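Some structures are shown below for you to check.
After this come two complexes, each holding chain A, first together with chain B and then together with chain C.
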Partner chain A sequence: MADNSRARCKTGIAGLDNILNGGIPRGNTILITGSCGTGKTTMSLEFLVHGALMGERSMYISVTEAPEKLVENMITYEFFDKKLIDDKKLIFVDLQEIYVKLGLEKLEFTLEDVNILVEQIVKMVKELGVRRLVIDSITSICYRLTSKEEIREFILHLGKELSDMGCTTILISELLPSAQGYSQYGVEEAIADGIILMGNLERRGDLLRTIQVIKMRGTTHSRAKYVLDLTSIGVLIAPLLKGGSVEAR
Partner chain B sequence: MELKTVSIGMPLLDESLMSGVPEGYTILLSGTPGSGTELFAKQFAAAGADNENVIYITSTERDEDILATMKSFGWNTNIKIVNIGAEYYHKVLEKELIISKYREEGIPTNEIFAPARKRKEKEVNFLTMITYEISKLKPPFRIVIDSLDFFLNNYERAKVISSLRTIKAHAQYYGGVVLVTMMRDVYDTHTQSGIEQLADIILEMEMLRTPKGFIRYLIIKKVRNHPEKAGIFKYDIYEKGIKIVK
Partner chain C sequence: MGVTANVVSKLEELPSASSIAITTSVNSYFDVLRAIVDVFATRHDLYVFYVTSTIPSKNIENLFGLLGIDSSRVFFVDTISHLMKEASTTNDRYLYIESPTMLEYIMLKVEYLARKYNDKKALVILDSVNSMSIYNGPKIMSEFLHILVTSLRSWDAYMTIIAMKEQNTEEIHSMLNMVCDEIYDAEEGE
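Moving on, here comes the complex of A and B:
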């Protein structure tokens, strides 16, 4: 099987690498999706930090949150080293600033705007030699695209270019608790190479965070639901004991 | 009581109006491109330079070009120029130039992490800016706005008309005069009539092409309360400027 032939991008999150049989196939563009508070941002950041620690340049493109605030949150983690940022192994980019520079401070993007944005992201990845990329969130970019065709064009174009450069990408997708499917617009999930669903589960009064790999091109993987624990040493993943659990997205 | 008037700078036109322009009046001057509205505006400004505070608001020319033109006709250049064009270039167009460069070539790597703008820098509202400039004028004064098109193209039409109303009220109160230039036949009727209603005097400049060359017409389209003064004149450009001929 292709399983062994494709190079892996180890997430550095022990449980997740096991589920994925070694990591995310390199160059994949995957969607991490879930409602708020399910740990998408934290897990993505950990993925980047582990990459940076292994010497891979990692970039975090933030749409809604100021990078300074994210860094502040990271300091509490034992595996995090501020030096990664000083050495530019871990790079934070504020997309709002990029919007201003590209004249994209508007509510609706044209197809031209979409292409300019993709080109800019690709250019940064290429010139800075980025190996791991997180865009948080793809939903807030798609919000400005006016049609499903534009969203499709955006993610396909971006995914193709990044994959050609061997950059492994996580697109964070915000999901409304009431949403059907795995993404806000329904388009993202169809195009992504992989989908990791994060959710909440109520069990005897406790609210558990859960993680489930729905699909991942280029590798076999477990499709079971696991429990996720956010600790100071990072994300811990454990098998889910199903008794008495109720889905609570 | 006789109205106090000031000269427009063209004797025959003064005569045809009310022995000049009554203080407090707002004149709207429109014309086709090439008909000489900008020259008219300068001649009007120069006519007040001796005895009035003249403010010349321009959106298209450089200060030095305005002064050079005025000097070439031998006019008094003792006027204050407010150059919206230069300001606009500096504050807005320059930014747009950089944006279009970035859009074309992408943001250079060393620029990615530089702050995109100083957060405290306010957007300049040129409409507010000129209204403020004008409110500072001491009487007697004369205001020239060349041209209103800049504002009509960059701001909400209703806001432009409202600002014009403020400027007019200011001129009425202090007995100043205002000349506003505007392109003809390019705006919706609502805007056009809003502006025409505000104007006490409406002048139009027109050129007619004939086998022998251009014939230039100056039309008095409206004089408030004096419909009998409407009329058509010919004009020509002499070494001393625009001259109305009977």
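Moving on, here comes the complex of A and C:
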């Protein structure tokens, strides 16, 4: 039976939309989490490009990487059209510039600073009519917050405001390969509407990139582990074959 | 009829989206490949996605050249060159996979080719089930073949699996019987 209780935000990644029974429920704030090199940024960018191609204004807020470098990497993708950037359908924002503009060039944020940052992001989303947002990474922002309460306040406040505007948001979370749980601070995973875990799986000396939807509010979904490949036509996903495997996040 | 004619005749009988295992001896191996790649695929204007775990793709292509077989429509998914340290720069004609044990990546590379080159129908060759079985146990091989064959049906592609008579076991035969529509003996013509 079709799961049509919530409007969907199609990721445009065929395998993932199948796993999610049609896409991410619109307005959800989801966590894409995993260690480095697992494809988090690539998949998030593809989500935005497909959105922009479908006419949804999409925004990428980069905390650690220069937008120019990201765009340079995207040129290798056949589905990417630089015109999307020229037409402002796809917008890149360097968070460091926002910090400067807001006077937040400090190592630790107060609760007031957190609220100023959230209001600024919400303002940009509202003014530009953004329907898809990626923040890469939420871990880098949370690094400046001094307590779990502040992290909780930040994600809850941001998630609620964005959801009210119908903006579907991906928060990228960086994990150490040895980490337990699904996020660096343990708070992000509890608040997010969805968690997509990306990892590396070792099987007899081979290292496979994997993806698994741990939770997704508002839809039924597969919870199985899949293997993914990052190709010039986008992320492709295949079922993980059963066999003796050792996790190596 | 000769081996090439036998195989072509058999392939002509099949509807698209069929899967067939072709058993052959080493002596008739190139006649079988000629039938599939040179005659059948050319006649039906099919792309050929050639998954090799037996001979490196560059060697196969050289042999095709020597035999006068047009390989311009052939795209290789090569699982053996890395092991032989013969893999060169990857491009769509030569997609390298690190090892024949990375079965999911074989499925993903075939899907990549099927999605990208979708202006014509495709024929997928798996060469061979015997060499793949050296690296993979029967359970995971059966699962892999079942998913690959099923997904290729949705692409309306032909699937041909080469099985070498000299290396066939009862286990391989049962596996092919389970996943393929037909098993065909190229030399016996049945």
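Throughout what follows, the second predicted complex is superposed on the first by the 245 of 249 C-alpha atoms of A that agree within 3 Å, B and C clash if a C-alpha of one lies under 4 Å from a C-alpha of the other, contacts with A are read in each partner's own complex, and residues count from 1 in each chain.
Keep in mind that, in the parts below, a contact is a pair of C-beta atoms (placed from the backbone, for glycine too) under 8 Å apart; a residue touches a chain by one contact, two chains touch by 3 or more.
Since we're looking at a predicted model, the values are computed, not measured.
Student: For A:I98, decide between first (touching chain B), second (touching chain C), both and neither.
Tutor: first
Student: A:P239 in the overlay: touching chain B, chain C, both, or neither? Say first, second, both or neither.
Tutor: In the superposed model, A:P239 contacts chain C only, not chain B.
Student: Have a look at where A:I116 lands relative to chain B and chain C in the superposition and call it first, second, both or neither.
Tutor: So A:I116 only meets chain B here.
Student: Which partner does A:M124 reach: the first (chain B), the second (chain C), both, or neither?
Tutor: first
Student: Tell me the contact category for A:E68 with respect to chain B and chain C: first, second, both or neither.
Tutor: A:E68 sits against neither chain B nor chain C.
Student: Is A:D206 in contact with chain B, with chain C, with both, or with neither (first, second, both, neither)?
Tutor: The answer is second: A:D206 touches chain C but not chain B.
Student: Could you look at A:D86 and tell me whether it touches chain B, chain C, both or neither (first, second, both, neither)?
Tutor: neither
Student: Using the touch definition up top, name the residues of chain A that touch chain B in the complex.
Tutor: 93, 96-98, 100-103, 116, 119-120, 123-124, 127-128
Student: Okay, in this complex, where on chain B does chain A touch?
Tutor: The contact residues of chain B facing chain A are 96, 98-100, 102-103, 106-107, 109, 111-113, 115-117.
Student: Which residues, counting only chain A, touch chain C once they are in their complex?
Tutor: 203-206, 208, 227-229, 231, 233, 236-243
Student: Which residues of chain C touch chain A in their complex?
Tutor: Per the touch definition, chain C meets chain A at residues 98-99, 101-105, 107-109, 111-112, 115-116, 137, 139-140, 143-144, 147.
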